[in-house]
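Per-chain residue numbering starts at 1, and chain names A, B and C are given in the order in which the chains are listed.
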Amino acid sequence: MADILEISRLTKRFGGLAAVNDVSFSVPEGGILGLIGPNGAGKTTIFNLITGVYSLTEGDVRFKGKSLNGLPPFKIADMGITRTFQNIRLFKNLTVFENVLTACHLGASYSILDSVLRLPKFRKEEKALVEKAEKLLSIMGLTERRDLVANNLPYGMQRRLEIVRALALDPKLLLLDEPAAGMNPDETEQLMRLIVRIRDEFKLSVLVIEHHMDLIMGICERIVVLNFGIKLAEGCAADIAKDPKVIEAYLGVTEEV
Amino acid sequence: MDWFYIQGILMLAGINLIAVLGLSLLTGFTGLFSFGHAGFMAIGAYLGALMTVSPTTSPAGLGLPFAVGVIAGGAGAGIVSYFIGRITLNLKGDYFCIATLGFGEAIRLILNNVQLFGGSRGWPGVPYKSTLPAIIIVDILAVIFLANLVRSRHGRNMIAVREEELAAQIAGVNVFKYKMIALVVSAVYAGVAGVFFGHYMTFIQPKMFSMTKSTELTIIVIFGGLGSISGSVLGALLLTALPEILRAFEIWRLVFYGAAVILIMISRPKGLMGGMELTPAGIRKARNERKARVLALKESRNGRNGEAGIG
Amino acid sequence: MIQFLQQLINGLSIGSVYALMAVGYSLVYSIMSFSNFAHGGVIMLGAYFGFFALTLLKLPFILAFMLACAGTTLLAILVERIAYKPLRERNAPFLYFIISAMGASILLENIVIATIGPTFRTYPAVIPRTPIQLGALAVGRLDLIMFFISAVCLTGLILFIEKTKMGKAIQAAAYNIKACALMGVNTDRIILIVFGLGGFLAGVAGVFFGMKYTVYPQIGNITTKSFIAAVFGGLGSLPGAVLGSVLLGTLETLVAGYLSSQFRDLIAFVILIGVLVFRPSGIMGKTTVDKA
């Protein structure tokens, strides 16, 4: 199975500081890869580099073999990569339905002229977009709340909505940035099942940043550990848990008295 | 209070409305605040006059039909806005505002120095072409165009830019392109409004298109409520008609404007309509939203919070 | 060469007035990250306060000057309390502040038009108009005094910010006001002081402007130029505001002297476009990256 995302020698420097330094790893197609590390390790920076929000200093990011270097975020989204955010960035004043419908826009190609004159092409494609949005909401169990303003959703549902909105773009690779932040163990378990279900039903690959170890250990087939912008270790859950470098990064070293 | 007087108020309100509708797209729906749109009105007014003023009255005039003036004015404003957009749309919020302010003033200053158009003394002799039926027709077309644009994926993308620009980018929206579309459309609207304005007053002068005028337009959009077309319509009518009716208090008009703006900002920034539309669909939507919120509140009180909403 | 130096001197004197305006504006911007468009109105009222203190109250110049500055200090604080504080408390998006500021600016300008009237007023000749001769160069006495007092005020301000405890608090607030509040700093008081300082400088600028030119309600529009000067120098940087203003004033005067006075006002906008296209952060500004 080919790798859907290849990150090679990725480096990002802000002035003199290397937030990400010579990092390489790959996400296998259909796999779930975890990206962990202490705060400030460079995890979200890597997401920003992949999605084109930051420009990389050195190295390359290849998606399905094609380099993403220098592409603007909207083109990268069009190619099939979407993400969620650490601090939820929903369209807060829009309803649940509108959030998802807006994100469906890539599924249509009618022009402004078509919209303004309400031509048949507009009517047909717009109807398809509405149907797609409704279907997504129903698959993910949000139909009951479709008219609720996103800002008024309970926290857990806001997270779910953000994931649904990402799915509206028909991604092949989904980047989740701390999706379990602020959740109790029960909710985290529900989220874990949801992520696996999404991967299976929508046939996509997942790269997830997380601090909740139960989620990482539970669903990630491979894990990459980062600290101070450098890759510390990579492997399956069991190996990572035993790796002394990882333990040191998270827990520190015991001083010999 | 005779019909002639009322007609005048309606016409001025209708002309203002054209510019306000355009600005509503830029500010209300895309979230970009401009303090220079009077500059686009000026471009429209002067280009329009250039086309229609008879060569016998002024050496610069071409004596062409009014329609040509309207098209030239709108298109001219649009083209200028495109170039301004290329320079300014990449800037952060505050900088963009200052830039629009700068361009608005620059246009006025340049026109002050173009003696061919009368310079700061103004250009008289613009033919009277802005009849009430013409203005009403243009207003109706403007509203339909805007409403249809907003209720499409293009409109939704602009709203997404307003709500959360970064998330919009990630959701595949070409933010720069949509900001540019909003800017150009708003400039075309303002240009057309300028043409009608010039052909109503039959006389144009750069100081009619000052920063105060730009700010008035923005104030009307905010007063009516960002993101509401019906709000802009009501706002334009009220805020144009009221001061005219209270003509005796002319010098206090802007004092009240200023005070009203501050008051709106500190008490009800959502404006008159609060983002809602005064149409059957709009009322239905507002009612659905309220129902959903009440339901959600009831559910959380009944302790359905165990289902935190994930699985 | 002499003419060039003469123009330079004229440019510096204008630049120092712009600097007083721009610094007050930049100061507020650095703390609250928004453009206080009402600043112009306060400057304009400073000119009027000084004028009426001299003509109506017949106060001696020094007292009139101080009264005007006291008036603008209070006015600036009043504007902050009424137009901005409620928005701050509600965590309103910064664009609402700009709108409110615009409203305040329109309100101030038109209250003056409606009450006092739009006629131009001239300051009584407190400073003799005969220039001081430095060889072939003529320096206006007023210009000299303006330059001197501006320099004193600006130096005082910079010393205050660099050396005093309150000044350090202001620096910290300029960096991150929320963190400041969390550290137990009384951010409300800092904002009060910052606006007060800005208001004071506006008073000085207003009186000088009125003395050098005339007093009219639209003085506030001149502050558009000082905004541009602040942007030119780098929004949020005080030395930048001074530098930008001096450069702008000098360039304007040179263009007016050598090309045509028609183009003088346009220079400001040419500079604005240049800054926005080539270096939006200005001469001394910092570029910030939006953290995703």
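As a working rule, a residue touches a chain if its C-beta (ideal position, glycine included) is under 8 Å from a C-beta of that chain, and two chains touch if they have at least 3 such contacts.
None of the values given here were measured: they were computed from a predicted structure.
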Taking mean C-alpha coords per chain and comparing to the overall C-alpha mean, nearest is chain B
What's the farthest chain from chain B if centres are computed as the mean of the Cα atoms? A
Centroid spacing, where centroids are CA-atom means, of chain B and chain C in whole angstrom: 31
Distance in whole angstrom between the CA centres of chain A and chain B is 38
Chain-centre distance (mean CA atoms) for chain A and chain C, in whole Å, is 47
I need the residues of chain B touching at least two other chains; which ones are they? 166
Going by residue number, chain A touches two or more other chains at 53, 85
Do you know which chain C residues sit against two or more other chains? 292
Contacting residues of chain B [partner chain A, same complex]: 145, 148-149, 151-157, 159-160, 163-164, 166-167, 169-175, 181, 275, 285, 288-289, 291-293, 296, 300, 305, 308-311
Residue positions on chain C within touch of chain B in the complex are 29, 33-35, 82-83, 86-87, 92, 94-96, 98-100, 102-111, 113-114, 221, 224, 227-228, 231, 235, 262, 265-266, 268-269, 272-273, 276-277, 280, 290, 292
Residues of chain A touching chain B in their complex? 51, 53, 72-74, 77-78, 82-83, 85, 89-95, 98, 101-106, 108, 110, 112, 115-118, 122, 126, 129, 145-149, 152-157, 159-160, 165, 168-169, 183-184, 186-187, 189-191, 193-194
Could you pull out which chain B residues touch chain C in their complex? 31, 33, 35, 87-88, 91-95, 97-99, 101-103, 105-106, 109-110, 113, 166, 211-212, 215, 218-219, 222, 251-255, 257-262, 265-266, 269
